[in-house]
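Two complexes come next, and they have one chain in common, chain A, joined by chain B in the first and chain C in the second.
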Partner chain A sequence: MIEFKLPSLGAEMDEGTLVEWKIKPGDTVHKGDVVAVVDTSKSAIDVEIWQDGMVLELLLELHQTVPVGTVIARLLEPGETPEHADAEKRRIAEAAAAKPPAAPAPSAPTPTKVVPATGSEGRRRVSPAARVHAQTLGIDLARVTGTGPQGAVTIEDVERAAAQKPSADDRALAMRTAIGAAMARSKREIPHYYLATDIPLERATRWLAKRNQGRAVTERALMAAVFLKSVALALRKFPELNGYYRDGGFVAGSGTHLGVAISLRQGGLIAPAIRDVGSLSLDELMKRLTDLVARARALTLKSSEMTDATITVTNLGDQGVEVVHGVIYPPQVALVGFGKMSVRPWVRDGNVMAEPVVTASLSADHRASDGHRGALFLNELNRLLQEPEPLDEAPK
Partner chain B sequence: MTITYREAMREALHDALARDPRVFLMGEDIGKYGGSYAVSKGFLDEFGPDRIRDTPLSELAFVGAGIGAALGGMRPIVEIMTVNFSLLALDQIVNTAALYSHMSGGQFHVPLVIRMATGAGRQLAAQHSHSLENWYAHVPGLTVVAPATVDDARGMLGPALANPDPVVIFEHAMLYNAEGELTDAWRSADLSSARVLRPGTDVTLIAWGGTVWKALEAAKSLAGAGIEAEVIDLRVLRPLDDATVMDSVRRTHRAIVVDEGWRSGSLAAEIMARIMEQALYDLDAPVARVCSEEVPIPYAKHMEEAALPQTSKIVAAARQMLGKAEASA
Partner chain C sequence: MTPTRVDSATIRQTVLDVLRRIAPEVSPDSLQPAKPLRNQVDLDSMDWLNFIVALHERFGVDIPEADYAKLVTLDDVTDYLTTKL
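Right, the complex of A and B next:
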């Protein structure tokens, strides 16, 4: 049985009022169909359904207002019979009846008819430890089946869900949603400031070419790794750019864990972390970077890699853009962007030279740092790239 | 060496009497009769009537006399037949013994040890069978212990006598005939820590006194169903050893408290509250308890058994908590 819940239709929307049903019991619906019109605080919105099915019952009456997440209709899945659905409904009702006579549910603005049977106010039964575990693993509890007492979600259930690989479609959708939520939060909460500077790479390019000379392809380092290393070293002097903004204050990161933005072939993007980049030799860093990109594309990242980053570095040079105006990944407080490395006219010692140049940019959280410090950070980055030799080694 | 709980307690008392001339016993029927549970049998002949004192049937009087003796420099060990009767002495224990150190700013201490039997299971009916440990565990100024093993029966009396303030020792009436291996561990018995008697990974069973053995038996039975229960013998009911309990619960993520007291206002309730306060986010299921039914403990054997926490009830609670409840018949 499909329990169709009132979806969130915007960051600010937490309840909706039914204006019109576009379906009635017995109707067959397809993914993408508009099933209802719901009025929110901003405007009336067409609500679409994302599953195929046959409408069994409508649980919301006209002009009724309910919170987001309330079950507003039940549908049969393709191939399911009403008997199936009845049995399941009975099971849910019995599970609810088997509950100890708890205190009456706190009065909610929801009419009793639409309160899901799984718990008061539609809050699912999830053990506190399972809730923490799901958060750590980044598991959406809505996708976890509970097998504990009274159908509660337990740690084991979360682990089982974590082990299951969702289908590519689900994943793409979930990722789009997650990116959207994070970026919306970023733009809503973080007062960004943006700085950019051109960095000549004549010396760094030559040094790197020489260093790579005679090495097998797999042993060579890329400029991307040099960038990462120099960002990590520069951050040591600017700790206010490396860490998190949490609970109204800045918390410095425990190390320079650089989130590396990696675009995925099937769409979407992730920014898993390489830990303690500042303390790695260039060879080691290159090895980790290669490994990380491969595993990110194979979707075999570890959960810690998804949560450890203290700053994000994004490199969009391959796509040919010159400047990145990055959106900070909350709760981080800064993002460093690198554009295309291209040969441009560059004035050196009074002469116009053709030199490789990259535009490095910084997006930073004004709650944690100011533009003055941000500018000094980019200068430090520039300085490090003008004398690249020390970037090779793991610093003491 | 295998000995009974009674023998362990008896050895402890004998040792204390032999070592320290300030120690003496006082209580109803402890002399000529040898104690209602025969713990002090023969002591009268050996130590004489000055040190093994039969008292009139007034708990109020002889506990009060014990407090006076303790204040006067003696180390009295007062025996009360059952916790039910101790209510007659509650004023002396709660309003006097427990308070003196506090009210005198530490000038006066009452180094009194009170032993009493507690619990049901011997068909002694309601006036001899209750478990009111929680009443005493509620009171600041008292140290309250419940030895469940022969090691603790042998070992806890020493530190209790050494304690400058009153200590109440609860001896579960069903344990006197229980046999156990006396190990050297008795020499290091303290009045502050709980002990993990059986390690496990899936659920923590917290028990004390008489329910410890039921919890251990339940753990054995649960192991057959693939559930590894950890059993904690609480040992000390005041002050509670939160650290041992929380450490266990954080590992097993589940807890069941087994308390022979009545559920409402029980010590089990206090332990559950502490788990909520300190380990909520480590819990994978609501904390449960297995307590006595809220009736005066019945006389009839089958009804008495039905009223008490039993191994089968502990097993059922654990299975339900783990989502492995047996289908009801």
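Right, the complex of A and C next:
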């Protein structure tokens, strides 16, 4: 039996509230399927499952909030029968509780009902009308104070709670708190070092303009995508910048999964990942980037996108400043920043030229790497951007 | 051909609709049409590309990247589209 737990949703995001189940008992799910939508302080997130199976029961009710790691559904593994699962479930229950075993399972178990989870205080008493009303209004019953008999939640209680429903301001506050907690942890735990270098972009700009010329507007690439690709390729020679610092040691990333820092119009910031950027063609990367930014702004991201990043890239863009001194997103060990691309005096072949230049910076974790290697990484990034043509293709 | 005032007004309204979809916080009344748009609205390079894509879809006008430099103010955008339509 698969006990499906609410996965991690990113640093300092400790709980999720169920917005929607995408599965029901009896459904077959496959690795990578989105099974639920949960709300966090930052965003609604599509929760993916990473095993094949058949849904047996759902353990979380709509609008219920639970900590990361809580079992929220049980599934049968391929080939397993409900009887196996029942037996296993009984074993777990017997082991967990010093209570007599539950009544024998019915001879033909039909896994069709949604079993409400019971918190430490047991099942809430909620009038059926109040439950329906809460669902309609999107109210989390766990957070409603009941004033009915034995503390039961009445329809009036739901209405009172609806009047105090979290507003956009509360969301902004929650996001600020989550960012603050992650960044405080970063500054407390990670011994950062900072490096920066100016990278002339005359060749890269001309190459990109030529590449975009004559292309339909939807087929054009942005310099932001070129930067991502060059970071991913440069990282291949510097694995110590790409991964996590966990349990007192560095663990290299399984690929170049780049967290892309995206500022949200309503304030706040989110850095979901694009996986294996180093293996994507520029066109494919641009497609993924466009999609990711749109979904981040619409607040519909996937759980894996929130946790897969092995390094973060922040691009303050052409409305920004010259240099970024980034704060690493734990448990990652590095962040690459790009400032504003601007035309600056640049000496080439003994002549001062007016050329587009960007300042690339690296914030890195001294527990995983040293400044010397960090400097070589930025030089490699520079080298790749001086010969941009190979950035177009997916490497063989 | 000189475009009529009605044409320009309709185009401007559509441009503003497109802009609002990308930057919902924008209040069209407070935009100064002769001042650089990107000094008044926070548009990064992805927003700008989405803006151009949306204009292309709404008006069926091809906007080459080389022309972006001509599209500085809201007036510029409206005039550009007016001449292209």
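Here, the second predicted complex is superposed on the first by the 227 of 396 C-alpha atoms of A that agree within 3 Å, B and C clash if a C-alpha of one lies under 4 Å from a C-alpha of the other, contacts with A are read in each partner's own complex, and residues count from 1 in each chain.
The rule we apply is simple: a contact is a pair of C-beta atoms (placed from the backbone, for glycine too) under 8 Å apart; a residue touches a chain by one contact, two chains touch by 3 or more.
Here the structure is a predicted model, which is why all the values come from computation and not from measurement.
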Chain C versus chain B, contacts on chain A by residue: C
Which of chain B and chain C A:T290 touches, first, second, both or neither: second
Contacts of A:V132 with chain B and chain C, given as first, second, both or neither: first
Partner chain in contact with A:T147 - chain B first, chain C second, else both or neither: first
Partner chain in contact with A:V352 - chain B first, chain C second, else both or neither: neither
Which superposed partner A:L62 touches (first chain B, second chain C, both, neither): neither
Residues of chain A at both interfaces, chain B in one complex, chain C in the other: none
In the complex with chain A, residue positions of chain B that touch it: 253, 280-286, 320-321, 323
Residues of chain A that touch chain B when the two form their complex: 127-132, 147-149, 152, 154-156
Complex contacts: residues of chain C adjacent to chain A: 23-25, 38, 42-46, 49-50, 52-53, 56, 62-66
Of all residues in chain A, those that touch chain C in their complex: 209, 212-214, 216-218, 220, 222-224, 263, 265-266, 289-290, 293-294, 317-319
